[in-house]
Amino acid sequence: MNGERALRRVGDLAGLPTSAQGPRNLVWWGNISFMAIEGTGFALAIGACLYLLGQSPHWPPPGDSLPGLGWSGAFTLALVLSELPNLWLIRQVRAKSIARVRLGMLVMTLIGIALIGLRWFELQHLNVGWDHDAYGSTVWMLMVLHTSHVVTELVETAVLTVWLYTHEVGDDQLGDVEDDADYWTFVILAWVPIYLLVYWVPRWL
Amino acid sequence: MSPDERERLHAVWADRPGLLGFLGTVDHKRIAARYIVTVVGLLFLSGMLAIDMRLQLSQPDMRRMGPQQYNEAFALHGSTMLFLISVPVMEAMALWLVPLMLGARNMAFPRLAAFSYWLYLGGVLMLWLPHALGITPDLGWFEYPPLSGPAYSPGHRADIWAQMITFTEVAALAASVNVVATILKMRPPGMTLARMPFFLWAMLVASLMTIFALPAIMLATSMLIADRLVSTQFFAPAAGGDVLLFQHMFWFFGHPEVYIIFVPAVGFVSSIVETFSRRTLFGHVPMVLSILAIGVLAFGLWVHHMFAVGLPRLGNDFYTAASMAIALPAGLQMFCWIATMWSGRPRFATPLLWVIGFIATFVIGGLSGVMTASAPLDLQLTDTYFVVAHLHYVLIGGALFPLFGAFCYWYPKATGRMMSERWGVVAFILIVGGFNLGFFPMHVLGLEGMPRRIYTYGPDMGWGTLNLVATIGSAIAMLGGIVLTGNALISLWRGKPAGADPWGAPTLEWAARSPPPQHNFEEVPVVTSIAPLWRHGDLPVMTGLATDRREVLVTSVIDAVPQYRHHSVGPSLWPFVAALATSGMFVASIFTPWAVVWGAIPIGVALVLWFWPRRPRSATGPLARR
Amino acid sequence: MAGAAAVNGGRSPVPLVALLLTGCSGIQSSLDPAGMQAGATFRLFELMIVMCGVMYGAVLLFLGASVWRVRRQLAAAPAIEPADPGLGKGLWAWGGVIVAGLVVLATGSFFVERALAAARAREALQVRVTGHQWWWRIQYRTPDGRWIETANELHLPAGRTARIELGAADVIHSFWVPNVAGKMDVIPGHTNVIDVSPHRLGWFRGQCAEFCGAQHAHMAFDVKVDSPAAFDAWLAQQGRPAAAPADAIAARGMAIVTGGACGLCHVVRGSAATGRAGPDLTHVGGRRSIGAGTLPMSRGALQGWIAQPQALKPGTMMPAVPLDGADADAVAHYLETLR
Amino acid sequence: MNARGAIAGLALIPFLLAGCSREARQLASDQPQTAPSGPADPRTARYAANFYQVSQGGRYFTWYGCGDCHGRLARGAANLANGSRHAVEALYTAIAAGQSGAHSDYAARVPAEQIWQMAAYLHDLSRHEPARNRRNALDQQGEPQGNRWQGPLQ
């Protein structure tokens, strides 16, 4: 009984499926909401950087050297290219091809590890300390913000990969893989403006 | 549903008994109730701080408190009211009401709801435990650098404040994501967006605003902590930083926050007006448009908190006009509510009294808001008692009065008992009367030059009489608050049994039992009207949700067409553990930056275990168990 | 400003009533303007209070009417989305009234903003004010380009605009003399400028309006609006070094001030006391109050302040200086004679 | 609140208690008027490890122009930052009397409380990271610095 009211049965839901993919899935909306939160965080950090940049006559201030282009270029290239296997992975998820999904996740994990390696060297070549001046602080803020997303994404991918290889895979897990892949795309997209802001805007100014 | 099935359904949704059940519950009603109890306790503490401060100010040159105690009192009062009460209590109301109003069995992400509460509790302890130990933040509810920076705020007081915010904002963001997903994807069949009750619109808008506003404060306080902990230079002008950056980011959050608190209150008022006027809300569409307009406009106004910092005058004119513009949607809402009463048959029970008190009080706050929105006039008003009066009219008159109304309105649903109407009226008169007596004189005090946040003033300033009146008024309002709480507590066992629908209300939550069972509804209600319970005497339902496992119905975003039956996760200790691990990291990060690195590991482990899917071992692939 | 004044005419009685009700002293009140800027904002305030009062009355009237309205027999069943043609029109009309009111207020606000900006163009007296935790350093530029320093007491010539540059030594403060003009924040790393054009002679009071730490409450200053001649005389007098001690007690006081603790933080121009950390004491005896508005000036107050500053203004940077009774009296006497 | 809150709270208490005395900020308490009586002077604890007192000491250090000789980073005549950690009472004596007589009159000129605070500041100095000292100095750049300082608006 629902309270004191008489019920009138007008339909039955038993025939509905018990899972769904993409935007039909409830979890997809949670994932997209967290992207909105973090995207806002990125946008505000970029806004803060632009604000400080606009306040100071020189960016970087005289005496600071520009961040190195080598390792960052390699990182950026690798990151952007990683979208190709990522798109392939999403297609395999839609096709529900378990073996290829497992393989795709393994590849993405390895790519993630490689990217962390590149990022490590990239951070060595920022050529400014975070405590040196506001320019240094801003650069490091943007880098730390993005690196933390790469690390989080890598851990999630790695854990999911291990799980996929050791367990029976159901539709819910395919949904998880898709959310994970979507998130990877988000991490790539977030890097583009940060890369320009950290490495190229100071050179163009 | 057969008795057998019913029993199975109960068993599936029941919590485990004992401590583990307590810690692991994912029942949205239980979680929301914890929020409410915590908030009521904090309201009491925060009110006592207010009374303490009012006594100190009641006459010139009082020596009850020294500057340090007073500064701690207003910092603690403001931070608690804004971060630990106003925003969380609105989330709590959403957590409790949204699934019930949707005819759903639980929130979209039940464990996330539990995590929200535990982390919020961490934030409460983060502020109040150090206070008990004598380490209280003492710089107000917004702590501008450089006063809050490493050089002028030695020690950990400012860190505690900043991390308390991180705690509560993470909790609030998690709750908002939950509410958004639930409202968008778990509406019952037939509840298209056009038929969605206004309250749900309000909660949807408030949650979306939360998602876009709160990252700003988290970023601002994180930068502040970085300045204090690892010597970054964001707010050090001598190293190219800028102290105003903090103010911009704080108010980019701070202004929408006011509406994040107010918009749910608009939802409460609309629900109450509708039920007690015995007609659906007049102007449903304009009302929805008006809160959407508020939601958008609120993000464009933050600079009106900063008129006195010396920004370019052109910007001042723009922000003046934009800030005043928000009076239009708010004014239209007023019209719609009064028009609903005008054209209905109002029954003046306590919830509706609160609405009337709300309108009469909040409009004053709105109009004083128009005054402070004017850049040149604001130069006289900002940082004075005029603003203190304004913000209390807006937050207490505009959000707490509707909340008290909502409390009286949904109390019978939550407890199964009615509150005493007589004592309800007494509390109403004491609170509304005392509040207006206490806070209206502050407008005049501000105009007479009394700045805010001063712990004392000289006898020659001539502010004594009005301050004494303000103190008396606040004490009366506090007394009313105690009557209200006492009424609620006593009614728990002395109140008349309420039945499912004591007010004859139109929305779905009144179709559930009072108090609702853990799974809320046995069958899925079907909605054919904006006022489903007024449309039919009986309730159209759909059967077929599982009774042997936790299942909720997921529908399409616009038209609420059933899409699939979603497995809803059960009780788990991991949200609690994850919140504990997160709290540990936040607390430790005050002392060393390495906490962020090492503290992430237990959090990661807790999250992995939280989300670990339980399925059989693999029979295929290279690692298969053969 | 002209627009706002034209809409509203002269003074409305509303705020005056409030003023009378409370018996406020009015030396620190935005309701009793004594300067061009404060006057312009006050007229805007009057316009606002009248229009907002009317709006509030309208809301209360509508609310009261809907509560007490005699209702015809309505159907017992609740109404779902009834047709409300009359109310629909009312909603539009209400919206129109709000928009019209906001347009008037925004326009008035714009004109006042412009009037405040117009003062910028004029020739002005140059003043620098520095906010310290918890006092004000004040410096005047003389016509011959020197800077003359004083503290916690701002003198302004009537009928002339003073351009005040605001700097912060430590944290954010806010410069506010409500009778003369609105406030302007004093922000480290920024130099804000506020123009004030007082036109009524008399004593007023200013106070820090942005929370700045423990003693935010006692960070006030006196403001004296003088006739231009009196101001020039005052400024010339402020530029002179301190008077030599007139008697033996004052000489003893001077020796303690210059050779003891005082001179490390305070400057008495023309003596060996050259500290820069605290307020300039060269003409302290001529000021109206001490401790940034904490106490009215008197020999007893000076003695108390020197002996027990932390009891009078807990947290102040002024330390307690241990002096015996006779020495304390001598110092107070000496400072009192520094006019 | 509830049982969980209490348990979590209890677990935190010893952790936080250690920090309590360092956080104390007693405005208007009786200020010391005399020099330390020796290593066992009970007032030492009130100053040496207290965040507020150390910070005040740093400000007076700047205000009195100590940086003219010692540098704000204390790398001047006497390289205070890199030295070993001196006892508070030794530092008090050094400030009050001066090693080389440069500030031999400070005992008479600077009130005792401020010497206590500066001694506490110097006591802590070698423990501060240089980056942190620099950050504080940048925040306080506008403050009075010695006799020739004219104000932050130059």
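Here are some notes:
For reference, chains read A, B, C and D in written order, and residue numbers begin at 1 within each chain.
Here, contacts are C-beta pairs under 8 Å (C-beta built on N, C-alpha and C of every residue); 3 or more make two chains touch, one makes a residue touch a chain.
What you see is a predicted model, and the numbers here were worked out from it, not measured in a lab.
When each chain is reduced to the mean of its CA atoms, the one lying nearest the mean of all protein CA atoms is B.
Just to note, of A-D and C-D, the chains joined by more C-beta pairs in contact are C-D.
Rounded to whole angstrom units, the spacing between the C-alpha centres of chain A and chain D is 46. Separating the centre of chain A from that of chain C, both taken as means of CA atoms, is a distance of 51 Å.
Between chain C and chain D, the centres computed from C-alpha atoms are 34 Å apart. Mean C-alpha position of chain A lies 30 Å from that of chain B. Of all residues in chain D, those touching 2 or more other chains are 27-28, 131, 134-135, 140, listed in ascending order. For chain C, the set of residues touching two or more other chains reads 170, 188, 214, 314-315.
Counting partner chains per residue, chain A has residues 131 touching two or more of them.
Two chains count as a pair here when they touch; such pairs are A-B, A-D, B-C, B-D, C-D. The residues of chain B lying in touch with chain A in their complex are 108-109, 112, 173, 176-178, 180-181, 184-186, 189, 211-212, 214-216, 218-219, 223, 226-227, 230-234, 236, 239-242, 245, 248-249, 252, 499-501, 510-514, 521-526, 533, 536-545, 551, 553-554, 556-557, 562-567, 604, 608, 612-613, 615-623. Residues of chain C that touch chain D in their complex: 128, 130, 137, 139, 147, 165, 167-170, 188, 191, 214, 259-261, 263-265, 274-277, 310-311, 314-315, 317, 319-322. In the complex of the two chains, the chain A residues touching chain D come out as 131.
Partner chain A is touched in their complex by these residues of chain D: 131, 134-135. Against chain C, the residues of chain B that register as touching in their complex are 66-68, 71, 139-140, 144, 146-147, 152, 237-238, 241-244, 278-280, 282-284, 286, 308-310, 313, 316-317, 320-321, 324-325, 327-328, 331-332, 334-336, 338-339, 341-346, 348, 356, 359-360, 363-364, 367-368, 370-371, 374-384, 444, 447-449, 451-458, 460-463, 465-466, 504, 506, 529-531, 534-535.
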